[in-house]
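Next, two complexes with chain A in common: one pairs it with chain B, the other with chain C.
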Partner chain A sequence: MSDKIDARGLSCPQPVVLTQKAIKDGKSNFEILVDTEVSRENVLRCLEKNNFNAAVSEDGDIFIIKASKK
Partner chain B sequence: MRDIKIKSDSNVLVTASDKDDAGVYRISDSIALIQTLDFITPICDDPFEYGRIAACNSLSDVYAMGGKPLTAMNIVGFPTKKFSLDILQKILEGGQSVLDEADVRLLGGHSVDDSEMKYGLSVTGVVHPDKILRNNSIQEGDVLILTKALGTGIIATAIKADMAEESSISEFILSMTTLNKYAAEIMLNFNVHACTDVTGFGLAGHLLEMLDGTSLAVEINSNNLPLLPQVEDLASYGIVPGGLYRNRDYIGTAIDFSSDIKTIYKDIVFDPQTSGGLLISLNEKDAFDLLSALHSAGIKNASIIGSFKTLSDKKIYIR
Partner chain C sequence: MRNYLSTRWGIIFTGAVIGVIAVTLQKLGNPANMGICVACFERDMAGSLGLHRAEVVQYMRPEIAGLVLGSFLVALVKKEYQPRGGSSTIIRFFLGVFAMIGALVFLGCPWRALLRFSGGDWNAIAGLLGLAIGIAIGVAFLKNGYNLGRSYKLKKSAGWVFPAFMAALVIMVALNFRVSETGPLFFSEKGPGSQHAPLIISIIAGIIIGILAQRSRFCTMGSIRDIILAKDFHLASGVIALVISAFVFNFLYGQFKPGFEGQPIAHTAHIWNFAGMVLAGLAFALAGGCPGRQLILSGEGDSDAAVFVMGMIVGAGISHNFMLASSPAGVGAFGPAAVAIGLIFCLIIGFTMREKVS
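Let's turn to the complex of A and B:
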């Protein structure tokens, strides 16, 4: 089952903080929604550092980042 | 500002279109006024330290012009419905402590009720009209000294994420509350060609300003860039301020990074700095003497970070 984190409208570093929390909570598959390039790049860095795969798709102004543990 | 016409005046020696640190106006053959204004939103949790940082940040432009600050006025935006006035009192006490340290007199100020907290100062200083240190009067072969470590934007972001270690926060606050007065006083004993301070545009942005109007380029030795603790790790976790990416988008094409450069250096040159160090350009022999004088005075992070050369293609080379 895939969890969803809605980080739209949040400025940095909150999307990363939410991503880190999901990882700490032991989630291995989840989605993060962000709406800025800054948040997209920062969340991708966080996932990479934590050894997660990330796939990004765009829906209008929203980036949907699918994260899964490597 | 671009579309606003300003009457020409031969006494206006430095103005906004010069992209320098402060405006300069000649009032006699031996005295020119330096005027600058800066204010910032809170960058740490302690209101007294925030006041000190904002004051150091505001005074810095006068030192970067080779001048001496004399007077200042407070600029305050304060959300009276969200915070008690005791907080504002502490901020102002912090600012005043720095003005006392810098021997600058506060003459007044202005405050407004604001949705977001802001504090800074308008500062007036003096300089001899022939001794103004512009930011782009660099010479070929000059060596470049940076007097403080980089990374305040990243640590400020880490504080918001509750990911900054206590020791990193202490170093960060110490760096930003260190007046550039001390480095500037030592610098003025040397034949400095150009000077600026590193602030919101990051190291790369301010290097571009130093190169503005010249045909030179700068080569930076990344191994010599002084860094605040923890910044490499934090940046790799995505604890990166939006301003860093904006600086990168704006000036990234002017920069060539060596292929083997560590990722942190590709970030740190764009990190927006608050109360950053001076960038001092002078000939190589003087640079070594100035560097040892700075180190002897306890300015431990001062470092020779690069040199100005004639190079084709890009303006900034990070090696």
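Let's turn to the complex of A and C:
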């Protein structure tokens, strides 16, 4: 069971702050929900920088980003 | 489809284009080192609407509307138009008010700070340092759980109200709308407000920048914030590109005039150049975007960003009516007091709008 971070409706840079926090807390598998293209790009860039793999799926207007440590 | 403008080269391209367009607008008539200044131009708009009576800074700047409309159009096409709002709206309004008060103590938004620097106005250095410090304080709040809360999806009309308002203003200025000698609209006959590039060029310039900035997510506040918060230099590369291209074109146009004294629409009170931008930087950081970025977001349907912009426009009225704004002669009578009040306001917001960090 992976952790879930709900960053929907949060404005820049909250989704990235929450992602960073998850990484800092030592989580190696987690899911982030965002609802804007900008947040998706920012979170993906943050994951990339921190050596995480990311897989994005879409559910309506929501992007589900699955992050796992490389 | 891949968004090329959101790549590293895309943001560099955007910054460079903003630099070129801005200094070219100066060549074509906009005030010196003010090719595009979101704070100054919103202040001129406030004057044009009669929200303040500083006669030298009244013009309905079409660049501002262009930015919003460019973003609106491209967001629609790219399916990124999302009407949303409801995230601590009243706080965002007052962050806008105080952001403008701080920016007008310095005399410019971050974009103009960069343009002033590229034009050789070294007074901008104190402002840019202040901006960085203000943003650093904002980042400290962000790291401690500061958050204005979620926004929610809204109905379509919530998203187009602001772009429609901007379109209406452009139509009014295009028709040279003046009911009588006493306005509205008001247009300066002398001073910075009377200096402007041809209307159609200003609109097109604004739309081009609006489109590029929407696609690339260009943000000056974000550039400094991301360096401090995440050692991420993505947005910063766009800002550096802006400075370099503006410098090169200023040089080519013969607009580069290095020094501290006698710089256009600037003053040499370094402490207040610095402090004004600390306030502005902190307010931008707490609100999540520089003034330019807030215009772009409001075009995408973000009504919270639109409220921040309205806060800035009202803040400009307050700044001039209450003698807070600086002028080339120096700092306004109550500018320093207003900066202090603004900082206290922002600190209270930063400390109180927090979610528990577990």
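In this section, the second predicted complex is superposed on the first by the 70 of 70 C-alpha atoms of A that agree within 3 Å, B and C clash if a C-alpha of one lies under 4 Å from a C-alpha of the other, contacts with A are read in each partner's own complex, and residues count from 1 in each chain.
Note that a residue touches a chain if its C-beta (ideal position, glycine included) is under 8 Å from a C-beta of that chain, and two chains touch if they have at least 3 such contacts.
As the structure is a prediction and not an experimental result, all values here were calculated from the model.
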Touching A:V16 in the superposition: chain B (first), chain C (second), both, neither? both
Given the touch rule stated above, what does A:S68 touch, chain B (first), chain C (second), both, or neither? neither
Between chain B (first) and chain C (second), which, if any, makes contact with A:L44: first, second, both or neither? first
For A:T36, decide between first (touching chain B), second (touching chain C), both and neither. both
Shared contact residues on chain A, chain B side and chain C side combined as an intersection? 11-14, 16-17, 20, 36-38, 41, 45-46, 49
Show me the residue ranges of chain C that touch chain A in the complex, using the header's touch definition. 3, 6, 80, 82, 84, 87, 142-143, 147-148, 150-153, 217, 222, 225-226, 229-232, 234, 288-289, 302, 304, 357
Using the touch rule from the top, collect the residues of chain A that touch chain C in their complex. 8-14, 16-17, 20-21, 35-38, 41, 45-46, 49, 61
Chain A partner, complex, touching residues on chain B are 157-158, 160-163, 235-242, 245
Touching residues of chain A toward chain B in the complex: what are they? 11-14, 16-17, 19-20, 36-38, 41-46, 49
